[in-house]
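The two complexes that follow have chain A in common; it is paired with chain B in the first and with chain C in the second.
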Partner chain A sequence: MTAAALGESARPARAAAGAATAPRSPERVADLSPRQMAARLESGQLLLRTGPFTLRLRSPLPQVAAGIARTYAAFPLAPLHGFADFHVAVLPDAGLRNWWRPQARFWLDGKASMPLAARQAFAMLEWGLNWCVASHAHQFLVIHAAVVERHGRALLLPAPSGAGKSTLCAALVQRGWRLLSDELALLDIASGQLLGMARPVNLKNDSIELIRRFAPEAAFSASVPDTIKGTVALMRAPDDAVRRMHEPAAPAWIVLPRWQPGAAARLQPQGAAQAFMLLAGQGFNYGVHGRNGFEALGRLIDRCTCLQFSYDTLDDALACLDQLAPGTAGGR
Partner chain B sequence: MIAPRSASGARPGGRRQRSGAGSTARTSPRWWCPQADELHIRQWDDDAAVVFDDSTGHTHLVDALAAQVLRSLQHGEAVSTPQLAAAVTDAVHPDHRAALASALHGSVGALQSLGLLRCRDE
Partner chain C sequence: MTTRQPKRPPLLIAVLREPGRVASLDAAQWDRLIREARVSHLPGRLAQLIDEAGLMASVPDGPRQHLQSAQRLVLQQRATVGREIGQIARALAGADVVADGGDAVDGFALLKGAAYVAAGLPLAGGRLFGDVDILVPKARLAAVESALLVGGWRSDKLDAYDQRYYRDWMHELPPMSHSLRGTAIDVHHTLLPPTARVRLNTPALFGRWRPVAAAEPGQRAAVYVLPPTDMLLHSASHLFHEGEFGHALRDLVDLDALLRHFAASDPGFWQALLPRADALGLRRPLFYALRYCRLLLGTPVPEPVRQALQAGAPSRPVIGLMDHCWLQVFQPRPSAEGGHAVAARLALYLRSHWLRMPTGLLLRHLARKAWRRIATELAPAEQPAATG
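After this line comes the complex of A and B, so read on.
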């Protein structure tokens, strides 16, 4: 694989009076041409930074390259020979399954997942990355929650799958809240701050069209039908969230969302002990941390206002949540 | 590990025993917390508390009265039911003290079902 194909200069260009300077090394995914992207991805030399993690990605599948180009365009590239937290790959199955109902698998450090249909390959990459963080990032307390931020204060939306937190999260980040994550709250146990990754927001089924109408300017990956979650698509995070992915946020609100048809958007107090148990139950690695996890979660509750939130329409929901941290004029 | 939410209504223990003289007088149960120095309690309001058990790694949700029962037993000694009631009375709102006996019965039962409270007959 030539350096030119990877997007790096083979040798420094000679400088002459009035001549152009040496081409700049690509800094973001969007700086790579499609050929360069495919070459790096196929050879396992595409390294991205997502918040506190560096990912090394490998896949020969065009749908994975397309999904990354579409939803990770603003993400910074990491040095080719630098350290990576996770070495992952999405690879097609060999043999008959390469031709007949092609399948692919997610690989981490040489170990493979169960196969899925190859057309789900990009979604599989996202699910696999979520699993990597939830299963291995024990430097954090990892909670199944969406996290958004405004004015330096973070709003956690912990909820099981299907409760609507990703839909609500997608709407919030299109209206002035900064995305930290739609799935994984990373609580730094020592500092009590929340860190983000600004990765694409996972949407499924009716939520995809709902958010497309709500935010026509948002970019999406191709929709993939017939997954275990139904039809899924990934919404690209706003570029501002990606630029600020390394900024932590102080937790301020824990909001338990519940979509309720016909309900007026309403915030009500939530008992702190019950909120604690919900967070612990949604904690991927709460048990790993033992007493430290208990104390860290206790300190998180100390700092937050705990609320129940019922809503029907997104406009009403956002107007209600905006009261927690009013935005600037224009919603940004 | 998150333990199941506390159950309610379990009856406190108490077994009939025969004394050496052949009497069948019912013994008075005494309550103690076997993990007294391994429990960590956090409470933010008057309604409920969370308890972490170092010995098992379990986290429990208990009501406020149960939390007070555990706090009063953290010295590690066994106490009778009247002593337990006296120890938690101050933590109970005066309007609710008339129902303390039945509430205490429920909380003690819940703590027993969680393995946080044991009965010792004397």
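After this line comes the complex of A and C, so read on.
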């Protein structure tokens, strides 16, 4: 791979000296041409920042390149010879099966996941990255929850899969709330702040169409049918969220969502003890932190308003949640 | 004897030998070091060495998060193992006292990682754990298994072939895990398979145990660990006879840490080591253990011990072949393996099985395993447990 093919500045020394004709080093994924991006991705030289993590990505599969181009366009590139937290790859499987049913696997450091159908490769990358963070990032208390922020205050939506938190999260971030994550709340135990990654939001089945109609301007990766979760697509995070990915947020509300057909959107108080048990149950690495984790969770509950939330339509739901932190017209 | 070193020693091994080197690493080298440590199951050990050298604060933010994460894991697992040992001691309180070779045994001995924790060895501060391994006399095996079942443990492998494999031929019960806690236990009755070509002097294993917790009749069984020489020899025989090499470098690091610690804390250790190896029948694994610890990790081995081990050492061609295989297997490999490594691994895997059982048994066993692999390959694709 020549430096030019990868989009690297061929004369970094000249560029540093400020010569007017020297090419500028690409700063974001979108600064690379599709060919440059695919070339870097294929040779394992695509590095980007997602909040507190630097990822190094590799895949020869066009569906992965397409997914990244669509949903990671605004993400900052990281230096090739710098430190990466996770070297991950999505690689096609070799083997007999591949003749009639192409498969791919997610790789971290030479160890592979179970194979999935190759067309799910981009979704597999996202699931794999979530697994990497949840299994290794013990500098945080990692909780299975969506996190969004407004006016510096964070709203946590802890819930098991299927409770609608990703759908709500997608809708909120299209209406003035900043996305931190749709899956992983990263709690810094020392500071009590939440950190985010602004990675694409994972939507399934009917939610995909629902959000497309709710926010026609939102960008999606290609829908992939027949995953274990049904049809899956990834919604690109608003550029503002990506730009502010390093900004922490102070937790203010813990909201347990429940979709109830026909119900008017309603927030009701939730007992702190129950909220605690739910968060602990949704913790990925709660056990690793031992007593510190227990106390950190207690402090989190203490400083948050804990609420139950039932809703039917998205418009209703957002109008209700907006009252927690009234937005100004036109957002920030 | 020629020393066979790999062409470019991996960064991890260089840093394990000399932790001070981390002060001069650039970002790309840190990137490589952390990945090598992770695939070798050694991030905890690396973190411990860097901490002890007083260098943790100067590690750049990115890699430091990984090292400190590993330290948190180590602490949590150590606490878990400590509690688990207590649970096992309570469960085995009722199992009968049985005289074995004239010595009454009122408890069980811990092996490997759990033993390092119970004995308060420094290397426990850098190690990540899996199962708890215990040793009991064969005559007590049935009573121990019953007591564990009563205490809530269940046998993992239910396939009739696997059960027979363990019970008839191996040196341990099929692995068990606790139905509520999910913690795993391996119950050994000797250190090497009874079918092995190397005849381990099993009765000599008992009767020299060191107590770490006394028995409370009816409440808790006594908890022991092996004496330093036996702990070292077990670790050596485990590494150089087993067929799973995912933890090879980690096991070698354990050996190096044990040797350094016992050499410093136990005055008669070196003098006692070789005679004890002979008494147990474990001279050959000791030879390899000291050889590769010295070559790769720079472990200081006194000259008299090295000289004495030459007697009865393997022939030069054998040593050359073993060097080639083992030095491949000890390399940390963060990316997929090349052909050499795969061949080396296969050779050592076959060797371990050859050592483990007579040829007839071996052929039947390998055929059975091969059949199972093919059957799994052709089975419908399984669904993974994806997060979210």
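Some observations on this one:
FYI, the second predicted complex is superposed on the first by the 315 of 332 C-alpha atoms of A that agree within 3 Å, B and C clash if a C-alpha of one lies under 4 Å from a C-alpha of the other, contacts with A are read in each partner's own complex, and residues count from 1 in each chain.
Here is the rule we use: contacts are C-beta pairs under 8 Å (C-beta built on N, C-alpha and C of every residue); 3 or more make two chains touch, one makes a residue touch a chain.
What you see is a predicted model; the values in this text were computed from it and never measured.
In the superposition on chain A, contact is made by A:287 with both chain B and chain C.
Within the superposed three-chain arrangement, the count of touched residues of chain A is higher for C, of the candidates chain B and chain C. Contact with chain C, but none with chain B, is seen for A:144 once the two complexes are overlaid on the shared chain. Contact with neither chain B nor chain C is seen for A:100 once the two complexes are overlaid on the shared chain.
Applying the stated contact rule after C-alpha superposition, one finds that A:301 touches chain B and leaves chain C untouched. By the touch criterion stated above, A:116 is placed in contact with chain C alone, chain B being left untouched. Of the two partner chains, chain C is the only one that A:127 touches; chain B does not reach it.
Chain A uses residues 287, 290 to touch chain B in one structure and chain C in the other.
Residue ranges on chain A touching chain B, taken from their complex, read 271-274, 276-277, 280-281, 286-287, 290-291, 294-295, 298, 301-302.
In the complex of the two chains, the chain A residues touching chain C come out as 52, 54, 79, 81-85, 87, 95-97, 101, 103, 109-111, 113-117, 124, 127, 130-131, 134, 136-139, 144, 161, 183, 202, 228-229, 284, 287-290. The residues of chain B lying in touch with chain A in their complex are 1-2, 5, 40, 42-45, 47-50, 52, 54, 57, 59, 61.
Listing the residues of chain C that touch chain A in their complex gives 26-28, 30-31, 34-35, 38-39, 60, 62-63, 65-66, 68-70, 72-73, 75-76, 79, 333-337, 377, 381-384, 386-388.
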